[in-house]
Structures are given as structure tokens and as C-alpha cells.
Amino acid sequence: MTSTTAQTIPTTFTTVAPDNWKLAIVVGLVVSLLACLILPPNISFWIVGAMVAMVAMTFVVNAYHRHYYGGLLVSPAIAVLVVMNIFPLLWSLGLSFFAYQSNQQTIRFVGLANYVKILTDDLKAPENWANLTNTAMFVVLTVTAQMIVGFLLALMFAKQFPLRKYLLILVLTPMMLSVVAVGVFFSNYYDPTFGLLSYFIRLFTGEQFILMDNKAGAVAGIVFADAWMWSPFVMLLVLAGLVSVPKYLYEAAAIDRVSGWRRFWSITFPYIRGLLMLALLFRTIEAFKMADLVILLTKGGNGTMTISYHLIRIANEQNKTSEGAAISYVMLFIVIVLTNLYLYIANRRTEGA
Amino acid sequence: MTARTKLQGLATAAGFALALFVGGATTASAEDVTLHMAGPDWPPMRIMKDMFDKEYKPASGNKVTLDIDFIPWPDFYTRVNASLTSGEKKYNMAVSDSQWLGAFVEGGYFRKINDLIDADPDLKKAMDGMHPKVLNAYSTYPNSTPNFYGFPQFPDILVSYARKDIFCNDEEQKNFKAKYNKKLPCTGEEFDDIDWDLFGNIGEFFQRKKGDMLAGKPADDDFYGIAFQVGKGYDFSTTSVHSFVWQAGGDIWDETKAPSGHAEGQVNSDVAVKALDHMLSFIKYMPPVAKTGTMDIFKSDELFREGKVALNVDWVGLGEASLDPKTSKVSDKLIFGKAPGTKGADGKVNRSSQIGGQPFVLTTWNTDIINKEAVGFIKWWLSKDVQMEYASKGGQSAITEVYNDPKYVTLRPWNRAWASQLDDQKDMWHVPQFFDLLTQQQDQYDLAITGKQDAKTTLDNVAKYQEKLLTEAGLIK
Amino acid sequence: MGEATSIWEKLGFRKASGVSEAGWGQTLFAGIISLIYFLPVLLIIITSFKLQTEALSIPPKFMPTNLFGLIPDAYVFSPTLENYTSVFSRAMTSGGAAENTGFDRYFFNSIMIASVSVLLALVIGTLAAFGFSRYPLKGNDTYLFVILTTRMLPAIVVIIPVILMFRVTGLSGSYLGIIMLYTAFNLPFTIWMMKSFFDELSLDVEDAARLDGSSGLKVFFKICLPQVLAGLAATFVFGLILTWNEFLFALLLTGIDTRTVPVAMSQAVAGGGIGVLWGLLAAIETLFLIPVFFVTFFLQDHLLRGVTFGTVKR
Amino acid sequence: MSTIELKQATKKYGDFVAARDVDLSVKKGEVVCLLGPSGCGKTTTLRMIAGLERITSGEVIVAGQRMNDLPPEKRDIAMVFQFYALYPALTVGENIAMPLHYEKISATEMKARVDKVAEILHLGAVLNRLPGQVSEGEKQRVAVARAIVRDPNCFLFDEPLSRLDVELRHSMRGQIKQVLANLSKATVIVTHDQLEALTMADRIAIMKDGIIEQVGTPHEVFAKPANVFVGSFIGTPQMNLVEAKLSKFEKGKASINFNGQDIEITTNELVGKLNSPKITIGIRPRAFTAEGNASTENIQAVAELIEPMGAETLVHARTKGGNDIRVVVPREKRVKVGEALHLRPDPAQTHVFGEDGKAVRL
């Protein structure tokens, strides 16, 4: 790694200096937290804003003092993320410790009560648990389907052949569609009276075919639509890996009489492993958030209710902001554990190899 | 509260200075008044806006603009709810389902209008001239108390949509008579008398496979007798279930009896269980999509317009599409009648039904001048001539002297059935827990509709949940 | 002797010269698979030329012409452009002249908001990615992961604070607000992608340039950036696709003037008191597909050349 | 039987002919270098032998078997690639073991063979590292190890030493030569470095524009270049090639008009029988003797640039007629810039090329 010649100005943690960002962060966090707890939102907003500005200032000054370009380069992104993403996230994290309904203008600190409620309440906990199980099922099924289909499609397009460019864009199209259109049109394709699926099956059975009247069918319908829409995403990443394998490695493998299977694992796979990981990571994150297709295809019926759709109902329709925030942070915890597990396994492999 | 408002004002001012693009703020001067309104993007709203722009002359002499944020129906609640609850204060007026009143009144977003009514005799007259059931449903919170909030925008009622070519076919008439010893209805008046038994007969009778004879011709596709809403989305099964329960003499948890009324024992009474079973018994005659739990008001309407169903029960608000040959294959073959009812032991048919449609309301942060101009606009809107014109263009009016006008029933083919059912209309809940109550029972009904659970278990689950929820909320003691 | 190769060659799956090329046989195979994959989209496009009453016909009407009597009439529809005109103008129910639906504005908004925010995210994110790649902080991976976690929560959770923030700052309904939000929305992916690209670059040239006294910025612009142009193109396309169809923030934070197509689109789904307007919805979706389709098509080569990061170092 | 034979082997890419009618045979235990400038078709020829390029016409025979239509994996050939083509995700040991999987031998035997090869090439210490973690020289040895771990029909090397620095290159040349000597297989090495070819090859095939210009032992191609190209390509400093006119041939002596200066050179009989007087004279820089006085048997020139090369000195001189010639003189002979030189070419090392560029030789 290149290192810039850093003239570090010795500051201890407690020194009040314009470039002591560590102190600024701690002070900023404490003040913001207090402000959020004590003051109404519209005042605490400005206080938190001022704190963010203060921390940002210290970073910039610090970076400037140390000729530390990394800090300067990163700061615009961090600023945008803090203001637009992290701040609202922390806000809703804070709300999860309150009894707060967005349509009522009262707020009360309740500690962990919301978490206790969603995890143990005799009416709510089983529902949340069932929704979480369904979500897990969708994550496993959709992500697996996307990885397999995307991978096979990528293999198909890995070689150069005439018109490849034009065929490839056809396969990429589904992910450019709006989810609303995909959901609405797939519900039409699955419709027993008007749907193509029913039409084709009826040619053989003579009966209208009802796909979505049982859990297996409803899940299959949703997974199919989702996998159809997002497999191209996986394909594109895998394909990029496949085409980046130098041709001479395959030539060497031919000379070395390496079998197809071994050639794939020893030569091709290492080139797509990182990309598969990225695809897996992003698709898993998105799959946890799956709600749109469920709403459009089944409204959560037939055992297809997901935690994310449940969250929309809780937080939007019923305005139970705090309860929604608590559920979503439990969900976030699960996603973080899972993605870290992915990354841990992936990193261990890379280092071990 | 006031200190907060002041700060919010300051904050907004700072926001002005910061951002170049500023939207949605109300600027009111003596001459120019803009009324910002949230409304669904559909014909009744567009007609209202069109009439306002072309015809409304404010008595005050101010220049009044009605700025409607047309929002597509499917996302209307999400948008309005987010705007109101976030404190955005963007709208001066908003269309609201009547059931949303409680949540937004309790939250302090919808303005109580008793003082405005009392201060303005004309407005009072207009409100008094409204059908009492509609007024209760659209305007009162708590339900049926003299606390007023809303004005009717589009009063919607369930009616029967039937196919003339099918029902009036001689062959079918003859065969039906032979099979059930009943007259197959053929005119609007005959449909007005329809009860669920006859409705069920029709459902059974008109189930045809592709190629079977239907009204003298081989059917080009599978055909079904009946359809009504039994979907999982929004209130698409609750509407039907409530009507069945009310007509059978049962009841839902009655908010007007709070806090002494209970859900347990009421919601899951034997009568209610029987009523739900009665409703479920019709699903087998409906197009197969009903079994998936997605038979909503739009699906049954679409099936009807595509000519797959003989008889559909749906809102009049969806009627225009049936009349338009561009969107309907049956536009020239329509009969409209009252929605079916339940024949009691005394031989009388009970047609109690869930009311649809929407009121519009004023919000609490409006300035006096905004309120003044809003009232001016509302008085104009509720006046007889304007309502009559609105009805002639495709709206509905709950003003007595309008719908009693002999001309009224001729304006739209369903108006006769519409007006004659006003007395039968009821509303479910206005309490803030509306969505909580609704989604839970929609989920439960869906289990029953898709055959996962029997009626008794379903209503027991609903009752148990409602009892707990409402007890916690202090509405049951 | 040599049959193993010849058969495949004769079928065109493998060209004699070169290991990674295939012939027309592969085109045929991939063509069939691609068309099947594309079929649902094709049906949407076909539907956009159908009248409402023909859109749901069974058997499906999929041909715009009977090809001189080759196709039975049951499968033939009469193509119309009416859906496309009614995307932009609608007849008033109460009579009078047709009025503008505002969709021209919505298309402009979508294009403007998506492209500006994706480009902005690209600029900010690329700078940050360079920073993360070349000047790693202590616990660099943790920061990167935290950035990623901002994508993990459903949008509905953060919507209340965001709306409030927008109201307080007056950003509600403005272009600036939604663009900044989308920029933040795109940053995690941009940073992760671009960092991986920078990680892949050889450091030799950069170090040489630094020794020659070039400043960090000069190294970035003159040496690093040109090498990752393909990566920028790839990230742009991914970002565009993800932003193009964003719905919830757009619904809640845009006004009637800044509304985007995905929000307005639901008007064709049970919006106007009629169920789904199949032809209209299909026409909106088809029109909405065109810009992103062509951007992807023209940047396709970069997509394939570009996304080669995080893999193997030689 | 380890032999390679190419008969009229031709490779075309559309209209472009990469290799034309290549005839080459390599005996068991023989090392043949394909030498030529870049783009001359030497790598194409190698790849035709390996099966990485399909041959357009002609025949490829390896170990007595016609291989035209066989894919590389069926030809049983070992090859070292120019950029080594090491599998980046596998350790050095796994890389070397890769060709052995085909033979379905036990893990112990595989390890034994890998270890043996690693010992020969001094790779024991890096067997568990990834290719990205070893030095350039080690990578090169891994590539060689991967080739010789097998017992193939023959060996092919594509520019094996091009990525190494001078010192490494020198030592690797020796090592490879030694290894190949022990293996006793037909071997083809592609290189553009004549020193490499001269030191490692039993025979050298010099290619240009897809055609083999000359095949011969290192001594042959140096001492008896078949044509102007071979003459100029082999040998450093480069052979002096001067266009001249044959005015008369008498008694084994040719009188040549050397750009304004007439000189007499002793040469062979065939020169007298040339149809055209236009010839090219090729004289190696070391084949001059500096004489005290001008005569008809030496070339008059003026030293223009002096380049000391250590043991010898390279002098760039300009003839009267304006030709530049390179002369190597012993270190002791101090030549100054501007000094007049009288250079007498050694008749035995003076090559006469006819108008068609071919050497005129008995």
C-alpha cells in the first residue's frame, strides 16, 4: 500500500481541537441521542444536523492537516449517506424503543417493550415467526433459483457466437421492467380464466388450471416471477467473470488434458467466485425485502406472507411505527448475521486457497 | 403545541431559503387562495375539478384555485397517510375513506367542522339535506354521534350487474323454471327482489363448460353464474362478510355501543358463523380465481366485462367501464338491480349492506381564509344544481332533493337501484384501530375462502383478536 | 479419429479455430432459450397494441396479422396505437377536449432524476471508492459493511424520518430532494463496485507517478480513472436499472410536478375505477423500457469487459 | 517414439497466410528452435503442432501418428506457454500436478512425481504458494515443471524465457538444456532471441512471413546463411550487407563495383555463372582485417563512431561510396574517429547473394 507522508499532529482523545474527530463523534452521538430522546423531532433534527456538520468539519480539518486525501475523498459520500440513510436509520432505531404511532402525536419511552412484544406476545409472535419462516423460504428459493438460472444463462453466453449481443439484451430485459408491471402481468399469466399458463395446461387436461390456490402453487408462482426478473442480474455478473478468464488458461488445460469438471473448479470457478459472492450478497439482501411481488400476486395469501409485507402493513397501514421499527431491526440483525457469514466464508476460502 | 408550531414555521422558512425547488407550501393572500387537495385519480374527482375550474365563482371575490394532487387509487392511502402523519402539512383538504376518520381525527389531522356548520346556515342546510345514513357514515366520529368531519365526495353502493342476453333468453328461462320452479329474473325490477337463495340457484344453473350451450349458442369458454368480492386485499372480503352477517341478524363489533359492547360472542355468534358459511357456499359457483383469494372488486368486474359471468355484485363506482364498449364486451347487454339480500323467517328480505365511497375532509392546519374559501367551495359543491350536474356527468349524490328528483334515476342505468338502497347502508368502524381490525380479519377470512379453515375457527380467531386489541385500546371495558 | 470434435463443429457449437468461439448452432440454441426468456416481455409489448377487449381474449391473440390467412382469426388481433396516444392524453369523462395526462412530464422526470442521481452517485461513490481502496482506514471493511447495511432495511422503515426531514428542509416534492435520496440509495452499490475495480489495478504506475511528484488527485484523474472507464459504465447501468423502477420513495416524496413514471404507472392498475387497463399499462411499460434498454444495449460491451473485479490476482 | 513431422503444413486466416507449406521434422531427442521476428508464424506453427490451431492443409504427424483432426488433449503433448499460463487459483504444487490427474495414478505417486520434478527445478520451497506469490523465475520453472512432470510425446516451448531478465535467462537456458537432454524427446522451442536458439537448439528453423527460410544446425545457419534474411538475422553485430555490381569474374576472383570503389574478392565458381550482375555482398563484422595501405583487395572507409564492447571494439565506418559498415576490431587496436581504414574481407566469410537474395554457394 502506498502511504502518504503523514505529519501527525499529536492529539489525545480529550484535546478540544478542530481536528479531533474521535471526540467530535462521541460528543456528536451523545448530543444527538439526547436531543432525539428529549426534544421533539423538529428540533432534534437541526441539532443532529449540526452535530453531523461538526463531525464532518473535524474530519476535513484532520484530513487536511495530515495531507490525508483518503478522508477528503470519502467525506462527500459519507456525508450524503449519513444525512440521507444513516440518520433516518438511527432515528427509526431510536423509535423502536418508544411507544409511538405515527398517526398519534404522543410518544413514550418503553425500552425494550416493543422487542419483547414482537418476540413473545401470544398473538403477534407466532405471526411474526411464521412471516419470518416464509421470508426465509423465499430467500432460499428465489436466491437459489436466481443463482442457478443466472449461472446457466451465463454459461450459454460465455462463448462468442453470431448475434450474441442481440440475444443477450433480450435476456437482460426482465430486470429493467417495473415490478408493478411484472406483478400485474404475471398475475394475468397465472389467472385460471385469462392466463396463458391455464390456457396451455387446458389444451392437455381440458380443465382450467388454478395455480395459486395452494401454498406450493402460490410460492412457485412468486418464486418463478422473481427468479425470472432477477436471474439476469446474476447472469451479468457471472458472465463478466466467465469472459475474464484468459483464453490461454483453457489452452493450457487442454494441453494438460484436464477434465471438464476439474477445469471448471480449478480454473473457471476462481474467476467467478467473487462475483457470485457479490450477486449472492445483493440478491439475499433484496430477497429479504421482498414484498411487491407478493402484494401483487397473492396479497400474502396461501402462506406467502413475508416479513417485509407484514412490515408495510404494520408501519404504513396501521401506523405502528415503533413496532415496525422493532421488527425491522430484528430483521436487520438476521440479515447482518447472514451476510457476515457469507463474507466470512468467502474470505476464508480466498485466504486459505 | 404552539411553541412547536412556531419552530416548525421557522424551520420551513429556513427550508425555503435553503432549497431552490420548493413545492407544496400554501401561500395565502387576500386575493389569491389555493386549496391543496389530495384526491384519487379517477373520474369522479376529475369531474369535480373540471366543474370547479369552469363554473365556480367564489362569493368572496377572491381568486380561488383548487389544486388537486391526483394520486392513483392503489397508492392513495399510502401517500395521504405518509403526508399527514409525517406532519408535512401539504394538504388543506383530502379525500378519505370513511373508515380512516378515527385514525386521522385522533391524530389531530382532520378538522371538526361543527363550528363551521353552525356558523353558516347555508352549509347547515346542505348537511341536513343529506341522507342520514350517508351522513353518519361519511361525516361522524365517533360513528353516529353529532361530531362532523366530512362531506360526501362520491357515495358508492353495491348493486347487481346482470347480463340481459343470458337472463332474458327464452331457453334459459324455461330450463331454469323447470329446474328450480322459480322465475329467472330478467328486468331490473325483478333483480331488485333477488335474495341469496335465488342468487345461489343462478350460480349453480349457469355453470357451463366450454362448448356447452349458453343462451342458444355454444359457450366459447367456461362460464360462471355469479361473482362478488371475496379477495384478501384491502376490504374485499370484509365488505361481503359484513353484509351477510348483518342480513342474517348478526353483527360485527359495534363501535356505537362502545365501551360496553364486546367482540367475543358477537363477532363469533352462531348467527355470524352461519352467515359466513352461507357466503362461503357461493364460492364454488364463482370463477376459479376466487379460490386463490384474489377475487377483488376489479377482478369480478373484469370477469363480468369480459363476458365470463352472468351476474356480478359490485360498486356502482366501477360501472362506467361496463357501459363503455371500449372496455366492455357486454356494454349493450346490461341490467342493474339491487344487491341480493337474505330472506328472513318472516319472508322479508334484509338488504343491509356495507357502504362504499368516500367523503372529503378539511385538515387542522388550515388558516381562516383557507377554511372560509373551502366552506364557500363546499356550499357550492353541495348545492342542488351542481350535484345534479355532477350526477349527470357520472357522479352520485347523497343530497335528498337531488336523488329524489325524478330526473335522477334516468341519469345512469344503476341510479334506480342505487337510490333505493340508501336506507340499507351501514358502515363498519371509524375507530383508529380500523386497519388493525381490518387486516387481521381479512387474513382470517382469506383462510376460510381458500378452504384452509372453517367458519367457526375463523370467527373465533377474529373475535379473540378484536377483543384483545379493543380492550387494550380501552374501547371494550 | 477426430469425431469428437467434428460432430460439434458440424453442428456449429464449436468453431475449429479457438476455444471460446461457437458458431450458428449456438446462436440457434441461445436464440430459442432467449426468446422463451423474453416471452413475457414480448407479450407485454404485444398487449400494448391491443384494445382492452382483445387483451384478455382466450385463446390468446398474439399475431397482429393473419399472414395471408395462415393464422386462424382466433389468434389475430387488430393492432392499434390508441394505447400509446392515451398514455399522453385522455378524453374527459364529462366531455370536452382531450387533456394532457402529464405522462410527458413524468417521463422527463424519470429520465432526469434517474440519470442525474446515478451520475452523482458515480462521482461521489468513485471518489469514495478510490479513498477506501488507496487510503484504507483502520477497520476499512467494517465501514464498507456499514455502508452496505444501509441497503438492508425495507424503505418503509426509514420513510417517516425521511419525510419529516424533507418537510423541515423544504425538499418535499422537489427534484433536489429525490435526487439526493436516490444518490444515497445508489452509493453503497457504487462504492462496492468501484472499490473492487480500483483494487484490481496495478499499483506500479501510480507509485511511479507519485514518485514523480504528481498529486493524489492527478494520479486519480490521469492514471486510475481512464483504467476503470469500463467499470464506470457497468456501474452506471446497474445503478440506472435499480433506480429506474424505484417506487416507494418516489410515491411519497415527489409532488405532481416531480412524479416519476413508476408512481404514475399504477394509474393503469385499478386506478381510474376500472381494473387493470392492460393495453395502457403495457404501453407505459414499453415506453418506459425503451431508454434503459438502449442505454444497456450500447453499454453492453463495457458491462462484459467491466465487471471483472473481486476475482483472481495474477 | 518421440518425433514431430510437419508436411506442407499451412494455416490461413481468411486471406492471411500465417504459415505456408511448412516442412519440418524433429527426431527423438532433438531440440529444434523456431526462430524469427515477431509475426513470422513461428508461434502459429507451434500451436498447429499442439492442436490449438486447426491446420488448413498439410499434415501434422506426432509420434508417427497423423494428428490433423485431434484436439490438443488427445495429442499427448506437453507445452510451456509464453506467459506460463499458470492456474492462478492453484498452488504451485497443484499446478504441477494438474496434468497428472489424467493418468489416474494414486495420490502418493502423484506427490512423488511432483516432488521429483520440483527437486530438479528447485521448486521445493514454494510448492504451497500461489503463482501470484512467487518470483518470475520461479513461475517460469513451474511452467517447465508442469510440462516435464508428464511423459508426453514431445515438448513445445513458446518463448519460454522472454519474460526473464538477462541474468535469469542465461541460467535458465542452461537448466532447460540440461533437463531436455535427460528427457530425450522431440522438442520445439519458439523464440525470437537468436542467442537462445543458438545455445539451446540442435537445429534452428528460421522463419519469415510464414515460410521457413532455412533449417540447419546453429553452426550451419551462422556460417552458411541460405539467404540475405538469414544472414542478416543471425549473428551480432549484424552482418554487413552491401548491394554491389559484379563487373568481372576471373580465376576465382570476382571484381565487384562496391558503390564507386572496385575491389576484388576471392569467391566460388558459381558466382561467375550468375545471370544478373546485381548481387549483395554479406560480410560479418568480425571478418575484416585492417591493413596499412589501400589496395584493390580492401575497402576504403572512414571511422565515424566507436563503440567499445569490452574485449572488442565495434567501429561504424563509412565507405567512399557512402555505405555504413560495422567492423569489429580487437581491443588493442585503438581506432580514432576520422581515421582512414583499409578493410580486407576474409574470403571464407564473405557471402555472395544473387539478385533473388539466395546465397551463391557450392
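We just call them A, B, C and D in the order they show up, numbering each chain from 1.
Everything below uses one rule, namely that contacts are C-beta pairs under 8 Å (C-beta built on N, C-alpha and C of every residue); 3 or more make two chains touch, one makes a residue touch a chain.
In this text the structure is predicted, and so the values were computed from the model without any measurement.
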Central chain (distance from its CA mean to the mean of all protein CA atoms): C
Taking each chain's C-alpha mean as its centre, the one farthest from chain D: B
Chain pair bearing the highest count of C-beta contacts: A-C
Whole-Å separation of chain centres (CA-atom averages), chain A against chain B: 38
Distance from chain C to chain B - Cα centre to Cα centre, in angstrom: 38
Intercentroid distance (Cα basis), chain D paired with chain B, Å: 93
Length of the line joining the C-alpha centres of chain A and chain C, rounded to whole Å: 17
Residue numbers of chain C (touch at least two other chains): 19, 56, 58, 159-160, 164, 168, 266, 269, 276, 312
Chain B: positions in contact with at least two other chains: 8, 11, 78, 82, 85-87, 221, 306
Set of chain A residues in contact with two or more other chains: 42, 45-46, 102, 193-194, 251, 254, 270, 316
Complex contact set, residues of chain B against chain C: 8, 11-12, 14-16, 18-25, 40-44, 46-47, 50-51, 69-70, 72-75, 78-79, 82-83, 85-90, 221, 298-299, 301-302, 306, 317-318, 320-321, 325-329, 393-394
Contact footprint of chain A on chain B as seen in their complex: 4, 7-8, 11, 77-78, 81-82, 84-87, 103-104, 106-109, 221-222, 231-233, 287-289, 291-294, 303, 306, 308, 432, 435-436, 439, 443, 446, 450, 464-465, 468
Interfacial residue positions of chain A with respect to chain B in the complex: 40, 42-43, 45-46, 102-105, 123, 187, 191-194, 208, 210-213, 218, 297-302, 305, 313, 316-320
Chain C - residues contacting chain B, complex: 51-53, 56, 58, 92-96, 159-160, 163-164, 166-177, 251-252, 255-258, 263-264, 266-267, 269-277
Parts of chain C lying in touch with chain A, wherever the complex brings them together: 18-24, 26-27, 29-31, 33-35, 37-38, 40-41, 43-44, 47, 56, 58-60, 124-125, 127-128, 130-132, 134-137, 145-154, 156-162, 164-165, 168, 180-181, 183-185, 187-189, 191-192, 196, 203, 206-207, 210, 216-217, 234, 241, 244-245, 247, 261-262, 265-266, 269, 276, 278, 281-282, 284-285, 288-289, 292-293, 296-297, 300-301, 303-312
